[in-house]
Amino acid sequence: MSAHVIIRVQRADFDLASEYQRLRQSTTAVGAVVTFCGLVRDLENETAIDSLSLQHYPGMTESLLEDIVAQAEQRWRLIGVTLIHRVGQLSPSDQIVFVGVASEHRKDAFEAAEYLMDYLKTRATFWKKIDQGGQQYWVDSKDSDQLALDRWQRDD
Amino acid sequence: MSAHVIIRVQRADFDLASEYQRLRQSTTAVGAVVTFCGLVRDLENETAIDSLSLQHYPGMTESLLEDIVAQAEQRWRLIGVTLIHRVGQLSPSDQIVFVGVASEHRKDAFEAAEYLMDYLKTRATFWKKIDQGGQQYWVDSKDSDQLALDRWQRDD
Amino acid sequence: MIRLLFFGRLGDVAAGVATSIEASEGLTPSAVREALAVDYPSLAAELSQPQVLVSIDQCIADWDQPIADGAELAFLPPVTGG
Amino acid sequence: MIRLLFFGRLGDVAAGVATSIEASEGLTPSAVREALAVDYPSLAAELSQPQVLVSIDQCIADWDQPIADGAELAFLPPVTGG
């Protein structure tokens, strides 16, 4: 069984409702749809941010995301997977990333969605730059993201 | 910190998009929103179903759902939680249940949403009756749901 | 009087059973089940299944917990929502 | 010629650095970094951070992997998407 996979890297915003409807209607066997939306938080290091800009490595990003989805498909029974990541300039509360998974049973959808996010965070070639009161700086990677990933590798 | 909690047991369908928008706008600190939608599957015991009817224990169901959310709030940092469960007659592909969680960081939202579903499945006073080719029968509870719950209790 | 409620498959088996029972000193869910066994042995057998829970006034209760007059006693088979 | 790409904070540090380098027999990412150290010591220091990865033609590569003529070599700081 091969899942219906959609991967997009785009400047435009996305619409949760239409992404959900597509996943829900993948087949009549769908019993569970899990979605994750990541939003731009208002604070970074406890200080308000003005904006965020996201750079990526075109071509490489998409192929890494395809790899990540293929790995999830090997671990869980998935009917549909949608992965959307925005690039360019974003403001607080804007949507950054969408992961949606449709499956027969909830466990597959929950675990695959969390796995996809953990891998995306530590593997996919995106970089965030923050503008905070006119000061621009690149965001540092987080140890917590590496730890989140390690958990799945212990299970291997 | 007390989360914005909405709990509803209703015959009417629900709209993922408006539930998501409410969760997303709980506060400007929201960085992650996880949603789960459970749908009526087309098959039960590998045979097509005609419809499903959901009975519940009015009053007790709502207070059990409040307890479940309160427990999740003790374990994770949550900004918003919405729990909607439908009752009455449903058809294949209809939405049955919605769980939405908003938090600062994704781990809280993912884990709390999965926990809420695992508890709801094994604790909340709902009963499903299936109509399959004119034959009506009550659904048996699943060992897998009890196992899903046990996992959280080991962590206690 | 104690109000009796039967949910899920128990509701089907309890079709025609009285929806209330006289209160009495020290009455428990177990005693109610035994009283029902006189006229409804198949219902009492279903209620004796180990997975069946009872609630008193919408709180999960023990089978030997006393039931106050005016309370609501419900018999709950394993739940199957979600 | 080998195309050079610097992402994230490395892009800022590499401002003004040539976007390509002459190919040569057995050239590796390590050797490219050493060549850059001559004119851009601070960039080379950043590239020596242990978390910096390299990719050749968009596949993660070893620092001592040979780079074919016409390839694309990218220097990648730790990713921070999502």
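So that you can tell them apart, the chains are marked A, B, C and D in the order they are listed, and the count of residues begins at 1 in each.
We adopt the following convention: a contact is a pair of C-beta atoms (placed from the backbone, for glycine too) under 8 Å apart; a residue touches a chain by one contact, two chains touch by 3 or more.
As the structure is a prediction and not an experimental result, all values here were calculated from the model.
> So, comparing C-alpha centroids, which chain is the farthest one from chain B?
That would be chain D.
> Give, as an integer number of Å, the spacing between the C-alpha centres of chain C and chain A.
Computed value for the inter-centroid distance: 49 Å.
> Measuring from the mean C-alpha position of chain A to the mean C-alpha position of chain B, what distance in angstrom results?
About 23 Å separates the centre of chain A from that of chain B.
> Whole-Å distance, chain A centre to chain D centre, using C-alpha means?
The answer is 27 Å.
> Two or more other chains in contact with one residue: find those residues in chain C.
Answer for chain C, listing residues that touch two or more other chains: 82.
> Multi-chain contacts in chain B: which residues touch at least two other chains?
Answer for chain B, listing residues that touch two or more other chains: 38, 106, 117.
> Hey, which chains are touching each other here?
The complete list of chain pairs in contact reads A-B, A-D, B-C.
> Show me the residue ranges of chain A that touch chain D in the complex, using the header's touch definition.
38, 54-57, 59-60, 63, 85, 96-97, 117, 120-129, 138-141, 145
> Quick one: in the complex, what on chain C touches chain B?
Per the stated touch rule, the residues are 5, 7-9, 11-12, 51, 55, 58, 74, 76-82.
> Note which residues of chain A are touching chain B in the complex, please.
Within the complex, chain A contacts chain B at residues 15-17, 20, 24-25, 28-43, 92-93, 104-107, 109-110, 113-114, 117, 144, 148.
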